[in-house]
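Each of the next two complexes has subunit A plus one more chain, namely subunit B in the first and subunit C in the second.
Moving on to the complex of A and B:
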């Protein structure tokens, strides 16, 4: 039952993150970084929800791969888990940047700065996803912190 | 719960559900509107493609259709406005010229009083006739056009419109119609307003000199007061009407009949006026519908003023980077424009920010728009306004998106002292200066300003202004400045 609560909480946090990326008043992507020209353009093109969806997919996908695809006693130490987090934290901003650059060109410096916050969001969501789904992993359920 | 591999699918469903809830049911249409606004593709073709998107999916967009299955242009315009208002900065797209517009009819009322005849002499430049012909020609071919002659009453012109256009001496061909000795505006305006049908534009061609019967021995002040109150009384009775007065100059050659009934001969320039009367929504259509372009902005017009003009919404963008900007700020758009995290200049403590605005929809001349004295600026920190028109030299690769479609730059400078300050800018709606400058208190001799003034114009238009003021301002913008 406790594990199910973790899962539900993880999903709720993720959905809240997504909703905050869609809102026009308090938008989560306005908070850490703001470049008038770039941020307004991305907002007008409705790109924040897609950027958020990419981040969520990479973070939850990374966690799912670690716990259910890798799922090996050889890789059940905390630094293995951390290594996957590192991959997620690199992959998410790169994917977001590619998407961003495909929609419109220019603003490269500002785009790179914008994607920095994706690193943080991806890492946080990876932690959330890990604590949501680790309990049912056959070999890695004790990673990163045994419970 | 054993089959945990379904977890990603569950998550995707949640994400999709959240996306659906946040985007509403008109996702595709909203996306198309958003793209049109963002890319500045606000053309008739784009509007038509939105209409076909709606008609192609009648079930999905049932609320955008009328009972007959046609696009409800008012609802679509509202939808576009809603999408535009959520953008950063909020964007406006005036779609009125594209859909659901009436075909307008035109009725000309040609004043035939004694002092109008010298405007259309064969030796003169024919400016009066040209101004009237232009109005008729600015209406598309096939429009219903009626012509009437007015003085003590309204009499239909007995010939066709083509004959009117070719008529070299309109006063000769209409000789004997009515009593040309006096002009009763109360009767004329009442008749025009009474006779006006929906979708009709009435144009009175007149010198706007009030000359009622039996003025012998009556003081000029009394005549002015009478003129002023009759104008108010007539127009106050017809709510929802909008009037545009256009001033022209014409060659005048012949007898002039002043208020003291001692006529004298005059040859030279004299002002004359076109008074355009229509329902407010028809006047709005005249201002925006390309089919009638030129009616409100004709060649040769010196001045104009629109009565009963409501406060307009104008497109407005704060320029994040501009040569005059002083201090730092961050722009947020919502119900109003917010500049937050403001910091004054390190040395002077002042904050200066500029906004690009589109004032073209106001139909005002540049001299009026660029005179800061016509604006009210209210704020705690005493912001002052300067305004300049946008010219090509201001546009750079960096700011061209912000300046696209904009006409003027409003620059506000103030001391950043208050923690939070609302800077309220409005363009006052008042009778323009040209009205008093073109108004005379005596017309008994052809003195210095006789060529450019009309007896009692200020009183007549002032009376109309009291009845049809419209909004207290032509447009208003509020910027919240927060430290």
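Moving on to the complex of A and C:
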């Protein structure tokens, strides 16, 4: 039951993140980095939901792969989990940047700075996803912090 | 049911050690239906005046370790499944530790015997001249001068006199008070030495004639008790073998022959029901020569196949139905004799050399215990803090410094490794497991891991860890158990699964 509560909380936090990413009033992406031109462009092209979805997918996907695909006694230490977080933190901004660049060209400097936020959000979402889903993993349920 | 197991002399101690190892592995006596005998308590009593005997000391230490380990695992519960399954207790423990005359020990106190020369013990100096002359005819001078704290030095004629005192001891009285109908008695002794050859018939006589003894309770139950015995025939040789030695290999056969005649006339004859089951065990292939030591230097003999096989005898006896031991009125039936044969006459034995019945009984438990030994000594320490160790109850890092862990790994497992090495180095060589091999997939001699689509199955500490993680996950069975139980029970289950799935089946 406790574990189910963790999962629900994780989903709620992720949904809130998604909502705040799409919001025009309080947009979470504007809080750490703001470039008027880039933001307007992305908002006009309705890119924020996709950027948030990519970040969420990479973070939750990374956690799912770690806990259920890797799920190995050889990789059940905290530093293995941290390594996957590192991969997620690199993969998410790279994916977002590729998407961003595919939609419209230019603003390279601003886009790179924008994606720096994604590193942080992806890492945070990876932590949230880990604590939501790890309980049912056979070999890594106590990683990174024992229950 | 209680089995009072009298281990007499050096061979008794060594066979008992093998029984301990089998019990630690989880080998349990099976009834006729092949199910483990319920509510069993084994009460070993070591009878040996030679307290400095290294074999006795090693066995006693292992007995104490076994008892401590089992208590931590199962408390006082007699029925357990897994490692250290057989409950082993002292006489005093059965009396709820209330006895003021008994020590909490597995060793029979032979105070009057141990502290005297034989001549003092029989009062040689107070005899008249005629009796002294008769005594001198019966006993050699070195026997009269023998200080019995080193045993009877291969002289059953001394033992038969000295051990007659046993019936007056507190231990014998305690045993007779505790003994109940339904309990059984088993003796382990050699027939070619001094202590065992003499002790077995005397103890049987005293039990069967309990009605004539003073201060003994449960006389009827004792005189009708099912009694079994393992009589070990010559199986080892001694270095030197000079005729002036007090114990000489060349005398073993003659002594055995004489004792067998005596047993036939008094214990195990055709219509004799003093002993219900007698197990004869020996080997014409003799051991590597043991150091000649009549007792002064502690007498430490290497473990041997015969002792391992001998340890199966009490287990077989426990599993016998009452109908094969007593008639419908409860009187003991005449003696049935048993022998043992290997399936293959190998000089270096593995599990495949043993008969099907023995293999089915010991192969899986012993292999699992050996894997536990490898797991605890090579991999477990690094697993603390992950996986199953973090499930409740948690196995924390201080577990490996706990009394239980040190007793299990530093004492008992060390004794186990020594026992294996000694058997392996002896003749016949018992090579059940490859000495020094820490690769679990190749540790069992003659048995490999199964093939799969690509290559062979893997068996290592990680495989065990993964299986234990799986078994421990959301498992409420351990919530009210000790961490010690959790560790060994999880391993036992994991080992069973891995064993069944990954190792070749030789049963």
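Observations on the model:
Everything that follows uses one rule, which is that the second predicted complex is superposed on the first by the 147 of 147 C-alpha atoms of A that agree within 3 Å, B and C clash if a C-alpha of one lies under 4 Å from a C-alpha of the other, contacts with A are read in each partner's own complex, and residues count from 1 in each chain.
In this text, contacts are C-beta pairs under 8 Å (C-beta built on N, C-alpha and C of every residue); 3 or more make two chains touch, one makes a residue touch a chain.
The structure displayed is predicted, hence computed values, not measured ones.
When both complexes are superposed on subunit A, subunit B and subunit C sit side by side without a clash. One of subunit B and subunit C touches more residues of subunit A, and that partner is B.
Judged by the touch definition given at the top, the superposed model places A:139 against subunit C, while subunit B stays out of reach.
Of the two partner chains, subunit C is the only one touched by A:73; subunit B is not.
When both complexes are overlaid on chain A, the residue A:37 reaches subunit B alone and has no touch with subunit C.
For the pair subunit B and subunit C, the model built by superposing on chain A gives 11 Å as the shortest CA-CA distance.
Of the residues of subunit A, not a single one touches subunit B in one of the two structures and subunit C in the other. Interface residues of subunit A facing subunit B in the complex, by the touch rule stated above, are 4, 7, 11, 14-15, 18-19, 22-25, 30, 34, 36-37, 39-41, 43-46, 49, 53, 56, 60-61, 64, 68, 132-133, 136. Contact residues on subunit A toward subunit C in their complex (touch as defined above): 72-74, 76-77, 138-139, 141-143, 146-147.
Those residues of subunit C whose C-beta lies close enough to touch subunit A in the complex are 385-387, 390-391, 394, 462, 465-466, 469-470, 473. If you check the complex, the residues on subunit B that touch subunit A are 1-2, 4-5, 7-8, 10-11, 14-15, 18-19, 21-23, 31, 34-35, 37-38, 86-89, 320-321, 330-332, 334.
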